[in-house]
Each structure stands twice: as structure tokens, then as C-alpha cells.
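Okay, got some structures for you below.
Two complexes, one shared chain (chain A), two partners (chain B, chain C).
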Partner chain A sequence: MNSTSSSRNKRGRTKFGGVSPHWIFIAPALIIVFAILIFPVLYSIYMSTYDWHLFYSSDKKFVAFKNFVELLKDKEFLHSLWLQFGFVVIALPIETVIGFFVALLLNRDGKFYTVVRSLILLPVFILPVISGLTWRLLLQPEYGMVSFFLEKMGFGVRAWLAEPDFAYGMVIVQDVWRMWPFMFMFIYAGLSGVPREILEAAQIDGASFWKRVFKIILPQLRPTIATALLLRLVDALRIFSEVYVMTGGGPGNATMLLSLYINKQAFEFFNIGYASAMGVVLLIIALGLSFFIVGGNIKFEGERG
Partner chain B sequence: MKRVFTVIFLVSILGVILAAPYNTTIRVLAWDDALTQALKAGIPDFEKATGIKVVLELIPSGNLLQKIGVSVSSDKTDYDLVTVDEPFIPSLAHLMMPFDRWGNGKVFKKPPLNVFAPNAFEAAQWGGVFVGMPINANVYIWITRKDLINDPKNKSEFKLKYGYDLSVPKTFKELRDMAEFFTSKGIYGFAPFTKQTEGSTAEAIFMFEAFGTSPLTADGGKVVVSLDEKKAVEAINFYKELLKFAPPGALDMGHSERIAAFNQGKVFTMFQWPALVPQHEDPNNSLVAGKIIYSAPPVGPVKGSAIRGCWVLAMPNATKNKEAAAEFAYWWASLETGQKLIPKGFTPARADLLLNPTYNKDRPWFKAIFDSMRNAVARPRFVKYPEASQIIRNYWLAAISGKMSPEEAVRKMKDELNELVKK
Partner chain C sequence: MRRIKKKLLTLTIVVITLAVLIVELMPILVVISSGFKRDIDIWSKGPFYFKPTLESYKQVLSNEDLLISLKNSLFVGFISTLISIVVGSMASYGLTRYVFKFKETIAYMFLSFRMIPQISLVIPLYVMFSFLKLRDTLTGVILAHISFNIPYVIWLLLPFFAAVPCDYEEAARIDGATEMQVFWKVFFPLVSPGLVVASVFAFLMSWNEFLYALILSSVNAKTAPVAVNGLLGQYAPKWGQLTAAGTIMLIPVFVITLTLQKYIIKGLVSGGIKG
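Our next item is the complex of A and B:
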């Protein structure tokens, strides 16, 4: 670099054409983030302020916040929001509890435990759509294995996914089956970092199992669990394909989670503006919950405790 | 010598180019099934005859509307021809060029609309204008087990119990009796369609129409809710009665479950869409191949009805290849193309092909398509049809599954349809 194209600022850092080098290094990442994250979000917000039907794009009208006001009056939307909330509140704690205790159980040395730990992770690697289809088949009234056992238990041959409460329950069961190993993976990794000496000392001092869990292990794992929950939360809020193939949101609207309702408005009813408003609401909810989970649970280096 | 050959070669290429009426590429978007796969096989002939290169994109029918939505607008289009399922014609009509403005065709002549099966061409009409050309005669047909009907023991037992001859059910009463009879003999009488998809809306409208009522009617361009509560409740109660003779899991049956049950020989009779018939007639996958009678659906207490679901070939206003696109459409609809592609799995919309005895020998469902088309009813012709369809099927399914009383379901269905119409 010659002296005409580079110069030094007061702190002695070299500038290229007046631009600080750190901007040059992060520019590709910034451009990509803008293109695939910031721009779509901004465009969604833009679309959410229009009364915009996909087939009548040339007639779209600016309506400011009308779509958001409509959302508050839309019973289907509120119902979907409620189902989504229920899904997160029921599925995530169950996955966390199972993942936590299985991690405790398998936090031992030995080949057997290594093999079991690896096998346990298998459901996480199954594509959501395959998982949904598999559960649909398992619950198929005539040939499904789960239906077979339910029949043997005296419930008779029934179209289980045509029962609203059962269908919603099974959507949660499917998610728990597929995703608890994800929580296990995180918690197990965190558990490996808990100093054994502390646990041994507590045991010698006569601390019971539950006391060790609540007073030592859980406080130590708080940042790990918070991170895992955050990732799962983001995933759970955008759950779509497995439910879509399993129930299609039915019967009626019994499993019409928010992302399915957004899809319905956008690509079945073609109300793009209205669907975008729902997407923006979902984004705000996700951000709000993320701040709630991250705040106080995860501390970054340099932050005061 | 080398130069002479080069000149001859170049002149021949130029000659071929000049001889071809067109020298362009068109993009066509269509649904994916046996018909369009057969069409694909004929495209090289079309390309040779016209010089038009065809890029035929086939996608699952359920995603087609979305694809059109993002690919076609008033001033831009990614496709020169698109296929549209008829309930969505009203939503897309303003983006498509009226059929009377399509060219006459240099190589393939523009067909008059009366060559298509009766009622089929109505599928392409909206607001008094034909916005495309019907390209298949898709309509409910009825399939019944021939071997069960012809069994002498079944015949005599049925006559003894019900006092009339066992045959293809011609009325809803016969359908109910025969369904009951065969269920008592271990064969399910009827296979419903109850999945949370468009098929359930079609089933609801089929029943409502047979009992003499329609959820929505267009009244001078204005859409009004016209569901007669009493008749609608009767229709629901009759369907609930039929469900008693349906296979286990009757409340969660879609195309795959119905096809599987019928092909395993477990079901006596049911409706079917023509596009799915080849699956019943494939001896490698069906125990009942060659044992099926095809007919129009049984007639309801008030009238005969058959849900129509024709695909319409439409040309976006924004296309730059109007002439070439029209050539392709006319080739698709021509008698010669039909004759050539029927053996490959093509189902025509033309009356002359559907009634041709040669084809009916191997494909007896062609005549059934033609017969069904006489009583064809369209799903509500309405710009907001997708929303209306959702409301109809939600309450229909709630009622037939017993989650809601038929009276309450019909009342709520009407209320929500009224709200939708007013929006």
C-alpha cells in the first residue's frame, strides 16, 4: 500500500482511502446480514403497512397500522397465538426436564454411555417434515403402531388426528420426541463443565441428590440452559413443516399454530400485507422473549455480575 | 470442398430456421400428474412442427396457485401459459387475457369451445368472459366394485333384504342401502373424504347440491350466501349416516387413505377424481384393477351433482409470446394430440375423445367423465373462494364428526360466510 492510498489517524491506525480497516473486514459479513436478515425484516414491516393482496399487487393501499389493529380483532389470529403460546410453554419445559435428567443419568464414563449418548441424538437429525409424516403414520387408525397400542388399551380404532385435543397433544409429543435430545446435548455439555470437586465435597458434607441438583448443578447450568432455551424458543416459534404435514392445522383450527396461520393468510388467502403484520408481531414476541431469557441469565465477558 | 460443405450446412440451418413458423421459447407452468407427464412426451413433436421450444414446469397441484401468485402480475410474468384450477379463476381473471383475444394459430387451429365436454368450458368463464381454455375434464366420477355387484350370492341376498336389484347405486337411497348391505358382509360400504383440505370442501358442496342448496351463489355479479339451513342439515345427517359404513379412521381420510382402502378391496363404492383412476387400474398396486365400474355419482334427493374441478389453460396479459403460447394451447387441445397421448395416460377435455368407443374400451372412465359432466356443479365462483372454502370445510367437518350439532355448524357456517361476503 503506498502512502497516497493509506494514512494514519491519531491513534496510529492505518486507514485505507479514509476507511478504517475494521470496516473493510466486517463489510462482507455486514452485507450478507443486511441482505438475508435486515432487508427482509424491513421489507416485511413495509408490507405490513399495506392492504396488499398478492393477485392485486398493483392496487395495494397504504393503511399504516390498520393490519395490526385488525389482528387484535381477528379471533383466528388470537387463537393461533394462544396455541403457539401453549406449545412453547408445554413443550419446552418438558424437553428441558427430560434433557436435564437424562444428561445427569448419562454423565458417566464408559463406552456404553458414549454409545447411548450418541444414539440419543438421532431424532434431532431427522428432518421436521419426515418426523411429522412418521408421526402421522404412527397415528394412522388402521396401520399406525401408536393407534395399534391405543386400540389394545381399549380406546378402539379411532382417527386420532381428527380429535382436536389429541391432535394438539400429539403435535407437542412429536416435538418433544424430536427435540429433547437437543436440550440433552446442551445440558450434557454444560454438565461436563461443572467441577466434580464441588459435587464431591457437597456429597461428603451430606447434601442429598436434590440439594445438589438445586443448589449446585442448576445454578452452574443457568447460562447453558438459558442459551439452549433461547435456541429452542426461536425454533419453536417458527415450527411449521412437521405440523403442516401432520395435521395441516386441523382438525378445524385445533393445531393452527401461528406460523401455519401466517402461511394460510399469505399463500392460501394471499393477504400478503396482513400476513406480514402477523410476521412482525411474531418477530416482536420472539425478541421480547429472547431479552427475557437472556437478561440476567447470560453474562458476556466484561459484563459486571 | 470443406468450404462448400460449410456453406451447405449453414444454408440448411438457415433454411430450417426460416421454415419454422416460430423461433422462440415459451415457459409453461402446469400441475404434475399422469396427464401432464403424458403431455411432456408429446412436446418434441410440437417443437418440431412449430420451432417453438417449450419449457414445461410441472409442480404439485397444491403449490400451483402460490407459484402463479409470485410469478404473474399485471405487468410481468415468468410464464407464457399457466394452468389454473377452476375455483381460482375469479381471483386470477384480471391477470389473464380473454380467450377471444388469443390468436388463431398458424400451425394448430384455435378450437371452438363447443368441442369440449358440456359444462367443461364453463370452468374458464368469469364475469361473462372466457379467460382461458379448459384443458382437462376433471369432475367427480363414481367408482363401484363390479365383482361384488355381479356376485350371484350378493345379488340374491340383497334383493331378498331390500326388494330391488343390486347394481351401481343410482340414488342416495340405493347408496345408503348398498353401503349398509356390504358393511354387514365385511366390505366397507363407502369411503369418505374428510382430510382438512380442499377435498372436504368439495365433498360438502357435492352433498349440499344433491340436497338442493348451495353455500354461495353469484346473483348478478354480487355474491350472496344462499345456504338453506334445513337442506344443509339433511345433507350433513345423510353423510353422517354414510360414515357408519366407512372404514376405521373415516374422519381422517384423504386421497392416499381412500386409494389404499379401495385398492385393497375393502371398499364397495366411492367418488374419485379421474386423475387418480390409473392408480386403481394398476394391477401392480391394486387388487381391484379391472373390477371397477365407472359412472356418474348417484343422484341426491333433489338433484344429481358432480363437483367439477377442471384445469384451465390461461395466458397472462403480460406475456411477450402470445402467438407462440396460443399455438401450444391449441396443440394441447387438438384431436391429434389427444389421440397420440391418450395411450400414454392423457385425459382429454374434448367430447369427441371422451366418447370415442376405442378409448372407452380400455378406459371406461372416459364415458363416466362425460356423463358426470352433465350434472357438474362448480364450487362457489368468488374472488374470496379460498377463505370461503376454509369456512365451509371447517364447519362441515365439525358437524360430520359430531364436534358440533349440524344445526349449529350450518348456522355458524352461514354467519361466517356472510361476514366474509361483506368484507
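Our next item is the complex of A and C:
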């Protein structure tokens, strides 16, 4: 080696003034991430131990875990938690089932199906705000398109978003509309690992269709579906924009999902200490569930090939 | 007999496919077509009345507030994407091409950042940015958007960097390239397909993002989704203008997703999108 060999480490890499080179590459990201992710998260834990009003920060009072105790007694919070739970366990399975069958349907060669596959993905990329806006328009009594069809189907003229149960249902419908193509895309990609003959035989031979679906196709797709569901779960837990624009959490608090309730406590009632406590709870739920589900599903793909 | 049966089956499949497609795209068609209607016609003439006019677009394009917000959205999108790509690709490179302690821990840490709910983060950010005088500034919104884009870019690029054969860097080192040169001159061009996916996604996520922009801006730093939400008002929304503005905002989204479909799917499968 040449004269610089003294400044090289074991693997023969140049050091920058004694610092190993990998840190030079990772440091900028770590510093930024510390400033806008790690520190804020720690700060929100700190905030959650205070009785803290947004406009009277100097009057904040340390209350230790009082906010968390209050949470358990807050009927509105428990209501939001329940709505959030229902949203996840209703919307995600429906999205998976539709995505699965449409993937089987569209797993065909030909220009026609290629075009359909790409058009069907459009709703996934729509701005959440526009999606919420769209469904609000569609559900307007008298002139909304969906209201029109529901009326023709005999449901009568209704202000769908003004009735608690319907509004909640429609928030779920909106999410299913937007996100089943997301599941479709994962499952379609996963189908490429299933031999074509099995799929085709399954479609033509009606009798054994269900057997093949459950015995052959689904087991093959399990890891794909698990990964897709994890990503959906994380997003479904923090859904905000669509619902905020579509119903604003109303009528009453019929669609007040967790993020909306936290937003309301923080930026309408200005209880930022209390809201932070709820934020911390939501954070723990989100991280906990993802670690629980990730298990071996998402692998670190950073090893050199 | 068998051939007739097969033809019938094909026909059925085409019909079902078209039905799915129509149902799925109907809401988008409603948005686009409503943008070419007058508010008054939308309210009074039922969903199928359609006599196209550009009136709503004229009103939207003369709405200064909205135009500024569109400009803000573009600016925030470009800058947050640029920073995320530069910083994120460096980190991704560092995590794949070197062997050191804690590297998996750090990689998983970046992954777990993607699970943080925006609402949990926006409250401390609001207090911090108030203190730093960053509230209602584009810098503040950009920082908030970087917080979800950097972890995304890092994870998306890991397999791209890992796939580059060692020979390339060895050759460059023998030629006397420094670590930085190896990265910028050798690796950066080699992973360009990954960089395209990552940039497109980072931009889309920033363009679609609503919650951070809503809370962290008030007047000056409003992005387009926030401005549209503001147009919504409490009573009798002006649907013509709202949908015209919505259509304008959808143009970049649809252009990107339809032209870069192949890349996009790769990006989605490796990490999901959400505003």
C-alpha cells in the first residue's frame, strides 16, 4: 500500500480525520432525524406529564401520570378508540378480499388488462383531501351521484353524512374505495410467484375453485398479504385527512377517529398536555402493533450481494 | 360446445372487469366533470346534467390565495424531496456498503420512524416551531415533510445499493477515488432507477400531505390541500370551484402515476404511500 495506509482502517477504507467513513454518510440523516423525530417524540412524552394549555405555557403544571389516568375515564377518548378499532377491523379485511379477487380476475395477458390494471390504481394516489372532498360531494342529498343511486335502490333521500351510523359506514366505504387497489397491487405482484397453470385451472374448473384458493393460492400469498396488511394497518391507525375533510369527525362525534379527537383536544381546546398523552398512547399502539406483526416479515435488505 | 363455453367465460370476465373499472373510476370522473360545471348547476340540476363551462376554472385561477398555495406545494415538494434524496441516499449507502456495529439497529430505527402517527408528532413540532419562529414558514413545513421522507428514502434505497457488485467500488478505490467520490461518481449513477422511484414517491407524499401543513401553517405557508380545505367552508360548498381546484392538484399525480407506473409499483410494494 502507499503512504496513506496509516490512515486506513482494517478493511482498507480511508478515514476522515479519524472518523470511520460510514458515520460520515449516516451522520446527516441521524442529525436531522434526531432534530425532527426523536427529540419531538421525547418532548411529547415530557409534555404528556404536564397540565399544559397552549396559550399559557408558562402556567404549565407537572402532573406526572394524571393525563394518562384521565384518558381511561374520558368517554370521548374511549369512544374514539372504539371507532378506530372498528374502522381497522372492518375496512382492512374488505380491502383484502376485494383486492384478492380482483387480482385473480386481472391476472391475464393482453393490452386490455394492462391498461385496466394501471387505471385501477389511480385512487391510491389521489390526495387524501381530494378523496374526502369527493365523497362528501358524492353523498350530498339531491345532487350527489352516490346518493342518487342509493335513492334509486330504494333507500330514500337521505343526508348520508348527517346520520351517525351512515356517516361512519361511508367513511369506511371511502377508505375501501381508495385502498383496495393498494391490496390488489401487492397481491397481484405476489401472484407472479404462483404457477400460472394452477391459477388458470382454478378459474376454469368451477368445482375446485374454492379449494384451490384456500389450499394452494392463499398459503403462497401469506407473506405478501401480511406485509401489505402491516402497511395498511399503520396508515389506517393514523387516518386523518380524508375524514377531517369528509365529516370533520361528525355528526356529533360519530366519525371522531383517534387522530381527529387528538387534533380537537390539541388545537380546538388547546389542551396540549392531555393531547400529547393521547398522542403517546397512539404512538405506542402503532409501534407495538408493527413490531408484533413485523416479526420476520420485513427484512433488512442491506447486506451486500 | 367447449369453445362456446370458453367464449362465454371470456366475455363474462371482460364485463366484470369493466364493471369494476367503472365503479372504481366513477368518483374521479365526477370530480373532473364537476370542475367543468357551474356551482348553481351542480346544486340544482342533478348529477347527470353536463353542459361544460370553464367558469369554475376562471374563478379558481383568479384566486390568488389558491395560486400561492399551489406554488408553496410545489416548492415544499421539490425542496423536501431534494434534501431527503441527498441525505437519505448517503445514509442508505452507509448502511449497506460498510460493516459496523449497530447497523441493523440503526436501519430498523429508521424503519420504525415510518410508523409514527403524524398527529403524535405534530403537537411537539407545533410547540418547537413556535419557539424557533418556524411556524407558518415554508421551512417549517419542509422540515415536517422531511421527517417522513428521509426514513422512506433510506429504506427504499437499501436493496438498490446492496445490489451493486463490489467490483465497482474496488475498481474506483484502486484508481484513487475518495469515499465521497466513490459514492457520488460510482454509486449515485448506478442506483438511479431507485433514485427515480424514491424522488417520485417523496414528491407525491409531500404533495398529498395535509395534517402537518394544516397545523403548522396559517397564512403564509399554506399548501394546496390546506387551501382547498379552506375553500370548503361551512355551508353550501362551492363544488364547481372545489372540484376544479382538485382536478388541478390531481394533474401531477396522474401524470406521474400513469407514466412511471413500473417504477411506482416498485416503490409502493417496498413501502406504501400516504400523505
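As a convention for this text, the second predicted complex is superposed on the first by the 263 of 305 C-alpha atoms of A that agree within 3 Å, B and C clash if a C-alpha of one lies under 4 Å from a C-alpha of the other, contacts with A are read in each partner's own complex, and residues count from 1 in each chain.
Heads up, the rule we're going with is that a contact is a pair of C-beta atoms (placed from the backbone, for glycine too) under 8 Å apart; a residue touches a chain by one contact, two chains touch by 3 or more.
Keep in mind that what you see is a predicted model, and the values were worked out from it rather than measured.
Colleague: Scan A:Pro28 for contacts with chain B and chain C and give back first, second, both or neither.
Modeller: Touch status of A:Pro28: second partner only.
Colleague: Pick one for A:Met185: touches chain B only (first), chain C only (second), both, or neither.
Modeller: In the superposed model, A:Met185 contacts chain C only, not chain B.
Colleague: Regarding the shared-chain residue A:Pro128, is it in contact with chain B (first), chain C (second), both, or neither?
Modeller: A:Pro128 sits against chain C, while chain B stays out of touch.
Colleague: Output check: A:Phe267 vs chain B and chain C. Expected answer is one of first, second, both, neither. What do you get?
Modeller: both
Colleague: Which partner, once the models are overlaid, touches more of chain A's residues, chain C or chain B?
Modeller: Between chain B and chain C, the winner on chain A residue contacts is C.
Colleague: For A:Pro164, using the defined touch cut-off, is the partner it touches chain B, chain C, both, or neither? Pick first, second, both or neither.
Modeller: So A:Pro164 only meets chain B here.
Colleague: In the superposed arrangement, what residues of chain A touch both chain B and chain C?
Modeller: 57, 142, 267.
Colleague: Where on chain C is chain A touching in the complex?
Modeller: Interface residues on the chain C side: 9, 13-14, 16-17, 20-21, 24-28, 30-31, 34, 42-47, 87-88, 90-100, 103-104, 106-108, 110-121, 123-128, 143-144, 146-147, 150-151, 154, 158-159, 161-163, 165-166, 173, 178-180, 183, 204, 207-208, 210-211, 214-215, 225, 228-229, 232, 237, 239, 242-243, 246, 249-250, 253-254, 256-258, 261, 264-265, 268-269, 271-275.
Colleague: Which stretch or stretches of chain B touch chain A in the complex?
Modeller: Those residues of chain B that touch chain A are 66, 69-70, 73-75, 91-92, 94-95, 194-197, 247-253, 257, 384, 386-387, 390, 394, 397-398, 401, 403.
Colleague: Contact residues on chain A for chain C in the complex?
Modeller: 11-14, 16, 20-26, 28-30, 32-33, 36-37, 39-41, 43-44, 47, 57, 102, 105-106, 108, 112-113, 116, 118-130, 133-138, 142-145, 148, 177, 181-182, 185-186, 189, 204, 231-232, 234-235, 237-238, 240-241, 244-245, 258-259, 262-263, 266-267, 272, 275-276, 279-280, 282-283, 286-287, 290-291, 298, 300-305
Colleague: Show me the residue ranges of chain A that touch chain B in the complex, using the header's touch definition.
Modeller: Residue list for chain A touching chain B: 54-58, 140-142, 147, 157-162, 164, 247-253, 264, 267-270.
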